[in-house]
Each structure stands twice: as structure tokens, then as C-alpha cells.
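Both complexes below contain chain A, partnered by chain B and then by chain C.
On to the complex of A and B.
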């Protein structure tokens, strides 16, 4: 067992803390949404408010802790949902080819021609916005690249001897696809899900920042940045803290994803 | 060759039709009554609603409305904005310059800094400057533009006071000064991507046998590098073409943050207001620009690389 790189240890620690906040946010920050219009926006150092308060007098630190939930839940759901579509369509398209493959290819062409974030803004905006609508839109927009990835990986496996022999043995195609091929493509899937979580975090918080994600007043890092834009003079930390949190979390997930896919590449190379 | 271009143009047309149908379909699926939006603050009476519907052809079937829009769009008439009442074409042309300036500056910055940095990192693989640069580029790729913008705004505009907080300025130098922070914020993510890409492309070429052979023959390191860079340029140029789309996606957030009246901010306002004609026109035009850039990149390729030419023409 080789030593873990320091960056990976730090990333795992950061993600563990964010995960803990997402799960137990109510316990750690029970007063996240408590408003104090009388207090208004104050800078850091005020008694009881380490990072100051936002325009509604809400504590920036507690609000940021509570925001961890929407920062993790949505992106994880987007990555898993789009990968589910990717696995279902990509496996069938890669293994069977033909009409399904054609259809999957055109679907990917259409959605990949526009940058995902741009289409997400247009579609989520015209549908009226909202967190779950944004999540659903992103699942659809993220899936084409997953379809392509799984399809390519499955096609690479499908020509190998073990699949040939499974075919000769008369095993049903569905069983070959999902019991024989899929486990061998699984590592690539895991690495890509992680990378997609980072992209989805950035995309979802962008939508929230533009007012197309969570409703006003909800605890969300993107929303905090949008509100904090007006407070750069009175309490800059209202936008700096959630901004750094988004950057840190996305970087940690990306580093972890890169590390896992490097590890898998090396494993394949030594085989 | 001509066949290749024609086929690509055909695909672009199909794509634009599909995309515009999608946005048009969304307009129908969207919650709320368009006619009420159009009335704005005026009295909502059945007569007024009926009149608005007739004026904007909202009573016609879906395909007929779409056809009416398409016939106009082909001749460059994208209709009138619901929000301002002005012509969509005029709104777009008055704002396109600013977005082009920010995107152009950001593109130039990220290429001029990113490519040399990526080459330098690849040549010193594994050294601490290389690892540092790789680390910074991961952060750059991960960091959303609006978060970076706000931090830059706080540090350089509010804190140090070196740059203006918002506005576009007047005159060339003042304008450039006003666009410095937005362009840097936009260029950071892009530049990080360019660094990663360039480093990977150069590393891949350095591992090739021809490099070993060239060195063994005693070629000067500078001349070897020229050969390596020529070969590494192909993936880099392709990705630079793909970045045009990324740039526009990024400018939406940057323009909103810096309160700049460009196309990106227009898209945000129009989406929030459900100003369908503007959204529709912007989506189609952006998709058109992206497809055309992709086509130009592919053509540049065909001109540069005989291997690619042989493969494409055979296909």
C-alpha cells in the first residue's frame, strides 16, 4: 500500500466535513435561518457572529453550514441520475449498436452542441426555476457525455474473448450486458460520477446565483453569493465565505476524481 | 472536401431547427399565461387578453407560430422583445460588442498565459513548479467564475481600489481598465483548462519515439521542441475552438456579477422575465456561432494535417 498524497487526505477531510454539515446541519447550525432585521448586515467579529451577518441579519457561518445540504444533495443526485441514463443507454448502444446507437448518438450531438450551463439557464429559466427543476434539467444535460463514455467503454469490452465465449454459451444478451460487461466498466463510471459531482456543484450554484435554483431566503451557497454581492461594503465575508466553500468543495471532489481515475489507469496498465 | 463541408452545414441546420423547436416547445410548456405577461401592468380584461393574443398570434396552432417565427428569423427579423417592446435584432447588436470584448480579452489572456505555462510545465515534468501549476489549474477549473469574480471584486476593487467596481467606462483605455477584472475572472477557468490540456498534449508527444530519435541524432533541444509543439498543436487548437461555447456560458455569470450590459446579462434578464423572442434569438445565434467555429476548426485541421485530410475525405 503506497502512501496517500497529502492533497487527497486534505480533500477527503474537507468532503467529510461538508458531508457532516449536510447530514447534521440542523444540529450544528440550529439558527441558520433566524433573521434579525434590526441587526441587519454587520461585519465580522460581532459578538456571536464570527463571520458577521447578511442583509437579513442571518449569521453567515451558520447559514453556510446549512447550505452544505443543497451543495451536496443536488450535485450527487445529478451525477447519479445522469450516469443511470448513461449506463442504460450507453450499454445497450455500445453492445447492440444499430438503431439504439444511432438514437443515442443524435441525442448526444444535440445536447453537446450547446454548453450545458447555457442550456440549463434557458431551460430552467423558461420552466420557472426551482431547485428540483434545476436538478432535473441538469440530469438531462449531463447524460449525453455519460452515454458516450459508457458506450465507448462497453464497445471496447464487447469484442473481448470472455464476451465471445459468453455469447457462445448462449447467455441472454441482457445478462451479458449487465452482469458480464458492466462490472468491468464500473471503475470508469465511478471516476466520472465524481468528476460530474464537481461540475454539477458549479452548475447548480450558478443557477441559484442567477435566481433560477433555490427560492429566495433558502440556505444555499450560490444564493448567498448573489445576496452578498450587495454587501461587499458592509460585510464582504457574506459572499467570500460561501464563495471559498464552493471553490474548496469543487476542487476537493475534482482532485479525488482525478486521483481515482489515475489509479485505475495505472491498474489497467499493470495488468 | 466540398461534400464534407456541405454535410456539416446540413447537420448545423438540423441542429438549429431542433434547438429552436425545443425552446419554442418550452414556451408552450412553461407555466403562466404569456398574454398576461404581455399585458404587464395594464388592466386584465378578457377583451384585452383576446386582443394581445391576436396581436402576437398566440391563438394559432404551435407549428403555425413556429413557422411564422422561422420565416422571420431566416431573414434576420427576430421579432420584438416582450420586455422592452424594441426589436430583438437591435437589442442584440447594441450589446454584442461588450460581450465580444470581454470574451476576446479573456480568450487572449488564457491562451497567451496558458499555452506557455503548459509547455513549460510539461518540459519540467514532476518538478515542484510543475506540481504547483497542476494544483493551481485544478482549482482554476473547479472554481465557478462568479465566485472568483466576487473575490476579485472584493480584493482589487473594494479593498485595494485599483479597479472600478462596475460599469463600462468611456474611451478605449478607460474601457479596458473597466473590463480588466471581468476578463481575468473569465480567463481564470479557461486558462486553467488550457494549461491542463497543453501540458497533457506536450507530455504525450514527448513520450513518442520520434523525440527519442531526434535527440539521439543530436538535434538541438530547441529544434526538437519545435517538432513537438507542431504535433501537440492539433488537440490544443481543437479545444480552443470548443471554448467559444464555454466563453459565452461564462460571460452570463460574469456580466451579471459586474453589472455589464452585454449579451449574457441580456440572456439572464430575458430568461427571468420570460422574454421568449429574445431568449429564442440568443439561443439560436449562440448555437450558430458555436457550430460555425467548430466547422472552421475542422477545416483548419484539414488544411494543416494531411493525415486528418486523408481520413476525412475517405469517410
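On to the complex of A and C.
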């Protein structure tokens, strides 16, 4: 086994920390939402508040730890949900062709033709906002690229002799699609899910920033970034910390995704 | 005495997992044609890449290479002007977005003379001047390979290295391209290194032959002598594996086992594990090349210099039925089959009719584009014909050409077979029996395809096709991606299955010698039509149709 690249080690460390915070946020930062009206917003270096406090007097560090949950749960759900749609529609469309393929193609065209973030803003706004609504909208908006990706990969496999042999042997189409074709396009799926986690993190944070994601006051990096705008003078760290966290997490997921897809590609190539 | 055109001393190529070519001494004179022959894994292609300085990343060469007496230090200076490379596949070796003229002209320095030079090069390779303005996709395979030759010649190289230059081409085009390379070599007094897996081709096109095995040179010498009186057991066996075109052998000669990885051979003769003349010393001392005749070198301690007698004398040819017995029962009937693919002028199948009797072996021969594969696909239901009827039993199965994509890479052999059995309502316990049927040990059920050689994969593919107790087996070029020694094993297996199981074989192939070994009846296809049908012996020995005659005349070594 070759040595792991440094960037991958760093990415894994970052993501492990974020994951730990998301799972055990309550233990690591039990006072994330405690407001200190007496203290108000203070800058960095105050005793007990490494990065200072926000406009409600909450500790920026603890709040950021608590924000890890919404930073991971939503994006992971968006990536998995959209890939589920992608796998179901893309596999059937790519394998069957014909009318099913046409319908899946139109679905993808229709959704891709609309400006995604704008649509998300409108829908989230109409439905009254909220984190899970934003997640649901993003699942739908992320799905067309997954449908196309899986469809193309499946089509490439479907003309291979091992698939044609399976057809001639009379194996049921559903079994061919999900037992034969799908495992062989798996690397592409894994890589794209990870890339989508990074995109979804940024998209969800943007929606929260615009006030369409989490409710005001919730622990969320996008929200913190937006709320911190007013404090740029007194405590700039209130928005710099969550901003950096978004960038670091998204980059780490991206790098890891690229690396894993390379690894799986090579594994498939040596078969 | 002048220095030879190319001389290598102790050429070693080393890759990430170890040695690929273990010390090769090679000399090519001006105007000389040298063939390097070997099966896959012999290191012949890596030798070509090392000689043209085009080794892939992670692979390095050591040893000395001299061109006309100067050691090569800088590949950039040498390539093109002194050494040119011609690759196997004319479909990928030319750029699809540049015209042929532009590609030929890339190596012509003088801009003003470029157009004129391209015209004269095109004339030299037998193409008209208007080809210069065409794109590669507008040309046939043979024409593309001619364009590639013109491009290789544009800087007047002294040495041309041709790596399987005609393997991707049809036989009738193959011959023209080989003739052209031969003529150009004589006219230009150019050295030629011909890399090939085809012994017959090497014999008919080269002055000298080098036989490589597992990265080592095992024999070299004058082409005729090496192949008429081989000194190394490997060469002898390899020559015997090549099926003859003029008769049918009772059983084809095979070499048991497979070519070892060059880096796994440490001491002794690389062929020791598969050799039937092996003695103890073969396994411990590495044989050195010994001169057995004028310029004839053999790396085998057992060589006598007399040449090895062809081992089992071919005495009893399996009697070829003059007129195959009238089939007792028709098992497959095709009537008026027509298929036209969208956007194609020429129909892929044009009113094809044929019948196959139970237990018969029928070969369908033809070049690429003849419609033979489309016919096979229609028979098993992978393609729907536009018109005509197919009457086939439900238990008809197919084996494809490419062994590497024939099996699901993610499933073990056992799972693949069990699934095929399950689809036919048979229990998993029959997996072992299936493997045994195709000559593989039962333990192979636990292996994944990547741990299998090409021949073994093809055997598994046959086993899978037999899983539902197939009555008819359609084989679409099942051996054309395999080495000759492996090919013979598969052909023997098919003959045995036919005899033991009463299997009906429909064998699609471009190789007439293979058709001769396998089939009782032959149908010759051309442009979607069956031109000639009849008993194999009659069609292949006394063809009536002009096209069949041309096809037969184009087989290398049959001139």
C-alpha cells in the first residue's frame, strides 16, 4: 500500500473532527445556545471565550461546534437523496432506453433549465423556509445531474458482453440492472455523492445565510455567517470562524471524493 | 565493415512490478526485415516501445542502443527522422480532428514544400492525392493504415518499427499493407522491425526471426530455418499450435499452462514449466544462446542443432466428411433475414437464409462488416431483424470475443455460474460440474475474473453458456483475442463438448484456418449476404466464388 497523501490525511482529520462535533455536539459544547446578555458581544480573547461571542452573547466556538450537525446532516442527506433518484431513474433509463429514457431525459432537462439556487429560494420562501424544506428542495435540484451521470455509466456497461450474456441467459432485467450493472458503476456514484456533499453544504449555507434555511438563532454556519455581518467591527471572528469552517469542510470533502474515485477507478482498472 | 543500422546490447526493460524484458541483443542491418515473434506477455511490444523511446511512465530501459554506431542519448533527435513507429490500430493512432494531409505533413519542416511532399508520400503508399484533404473517419481501415505509414515515412526514417501493423485489419487488406511495407523497405533500403504474434506472417515477411518468451530471447535466426527446423521446444510447439488451412487435424496441439510473468522467472529456462523435453538442469541454470547453425541461436541446453522433429506426427487426420451427413433434424432455421441499421446505406443482413442440423458444426466466415456478428446477435435475440424469421430452440446461448469483458468483474466465477444456473432453474451445486466440463478445477469457483488468464475466462464464459443445458452454442469470434497456444485449447474444448454433449455449434470467425478445424459446413458472408456455402473441405480447398478465392489467397504464408 502506498503512503497516503498529506492532503488526504488532513482532510480525513478535519472531517473526523466535524463528524465528532456533529454526533457529540451536546457533550463537547453543552452551552452553545446559552446567551449572556450581561456580557453581550465581545471580541476574541475574553476569558472563557476563545473566539469571543456573537450578537446574542453566545460563545462563537461552542456555537460553531454545535453548527457541525446541520453542516453535515443536510448535505449528506441531499447528496444521498439525489443519488437515490439518480440511481433509480438513471439505471432504468440507461438500461431500458426508449420511452423511459426519454422521460428521464426530459425530467433532467426541465430541472437543469431552471436556475437552481433561485428556484430553491422561491420554493423555500413560498413554503415558509425551514431547514428540512431546503434539504428537500435541494434533493430535487441536485438529482438531474445524478440521473444523467448514472444513465451514461449504465449505458456504457450495458453493451458489454457480460451484460449481453446475462440477457441471453434469461436473467430478469431488474436483476441485471441492480446486481450486474450497478456494482460496476459504483465508483462513479461514490465519487459524485461526495462531490455533491460539498456542493450541498455550500448551497444549504447560502440558503441559511439568506434566512431561508434554519430559523434565526439556530446553530448553523450559514446563519452565523449572516448574523456575524453586523459584528464585523466588534468581533469579526463571529463570521470568519463559520466561514472558514464551511470552506475547510467543503474542500476536505472534495479532496476526499477525488481521491476515493481515483482509488476505485484504479481498482476497477486492474480487474 | 559498416556499423549495423540498429544494435542493442543487453536491453532491459523494467516496470513497476519487475523485469519486463531481460536483456536483449538485437541487430538490424540496412534494408533488413527482422520479426520479433511472441505471445502476449513475451515483452515484444515493450521492446518496440523501448526501441522508439516511448516507454510508458514508470517503465524504464537500460542497456545500450546504437543507431548506425552512435549511442542514443536524446530520443527527440532520433525519433521520426531516424526511427519511426507504426502502431497496430489505425483507428486510434491517427488524430480524428486533423486531415490526413496535415498529419502526414507534421514532420515536414519546410513549409513551402509540405504540400508537394504530402502528395508524393501519398503516391508512395498507393493513395490518391485527394486523401490529403480527408479526415481519418472517411477512410477504411486499410487506407488509414496507409496514411499512418505515409506519416511515419515523412521524415525519411532509416528504421521502421511496426507493432502488429495488420492485426486490426481484414485479411484482404492485410496483405496489401504488408506488401506495401515490404516494397517501401526495399526501395528505401530501410530497416524493418516487425512485431507480431503470427508465425506464418513472420516467416513470409521477414529475413530473420527472433522468438521471445517471458521477456527473454529464446531463439533467433533466418526466418525460414527457425520455423522449418526450430531449435527451441517453445518455437516448435508454437509453430504446431498454429492451425493449418489445408487440412483438419484430429486434435490441435496446445501448450499446457500459460506464459509466466517475466519477473517471476529467476533461474533456469522460462519455458521449463511447460516443456515436455525438460531435464533437471533446465530449472536451475539459465540457458545461454548457442549457435546451432549459421546465424541461428538457440537458448536451450537440449538442442542438437538438427532442429526438433515435429513431435506428434500428424498421421490421422480426422476424416472430413465430403458431404456432411444430411441432418436428421433441423435445429435452427433462418429465412430471409434482413437487417438495416439506421443511417447505413448497406444493409447489415440482406436476405440471409440457412439451416443447421442438430449436432452440426457450422462456420460463418467473413471480414468485418460482412454481417456475421449481426447474424449471431439476431439468432440469440440481442438484435431484432427487420424482416425474415428465425426458428431457434429456446436453449441457444452465445460466447463473445473479448474474454476480458465477458465476465462480471465484481462477481466470483462461482457466483456468475450459479446465477446462470438459477436462471435456468438449476441448483448451485452444479457449478463444480460445469467448471470440470470446460477443463477448469472446481476451486476456480472462488476466483474473480481478474485472477484468470484470457483463455481461462473464455472457458468460464463457455461454462456459463452451457449452464442452461444449451443445445446450440453461437460462438462469435471466441478465439480471436487469444494467443495461438491458448486458442488451440479452446477449439479442442469446443470439439469435445460437441462430441460429448451433442452440442450444435455455430462458429463465427474471420480466420479460415480456424473455421477449417471447427466446422463441417462453411458459409462465406460478404456485405450482408451469404456468397458461398458447402462442406468445409470443398469451400476452403476448391472455392467456387471469386470472393472466397481472394479471401484464401490473402492468408499469410499461402502465396
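Criterion: the second predicted complex is superposed on the first by the 262 of 271 C-alpha atoms of A that agree within 3 Å, B and C clash if a C-alpha of one lies under 4 Å from a C-alpha of the other, contacts with A are read in each partner's own complex, and residues count from 1 in each chain.
Operating definition for what follows: a residue touches a chain if its C-beta (ideal position, glycine included) is under 8 Å from a C-beta of that chain, and two chains touch if they have at least 3 such contacts.
On a predicted model such as this, the values are computed, not experimentally measured, just so you know.
Of the two partner chains, neither chain B nor chain C is touched by A:241. In the superposed pair of complexes, A:89 makes contact with neither chain B nor chain C. After overlaying the two complexes on the shared chain, residue contacts for A:212 are found with chain B alone; chain C is out of touch. Once the two complexes are overlaid on the shared chain, A:65 sits clear of chain B and of chain C alike.
The larger set of touched chain A residues comes from B, when the choice is between chain B and chain C.
Look at A:170: by the touch rule set out above, it reaches chain C but stays clear of chain B. By the touch criterion stated above, A:204 is placed in contact with neither chain B nor chain C.
In the superposition on chain A, A:161 contacts chain C only, with no contact to chain B. Contact residues on chain A toward chain B in their complex (touch as defined above): 7, 109-110, 113-119, 121-123, 125-128, 198, 202, 205-206, 209-212, 225, 228-229, 232-233, 236, 239-240, 242-244, 246-247, 250-251, 253-255, 258. Residues of chain A touching chain C in their complex: 160-162, 164-172, 175, 179-180, 183-184, 268, 270-271.
Chain contact summary for the complex, chain B toward chain A: residues 11, 15, 18-19, 23, 26-27, 29-32, 135, 138-139, 141-144, 146-148, 150-151, 153-154, 158, 165, 245-246, 248-250, 252-253, 256-257, 267-268, 271-272, 274, 276, 279, 283, 286-287, 290-291. Taken in their complex, chain C has these residues touching chain A: 380-382, 396-398, 400-402, 405-411, 419-420, 423-424, 448-450, 461, 464-465, 467-468.
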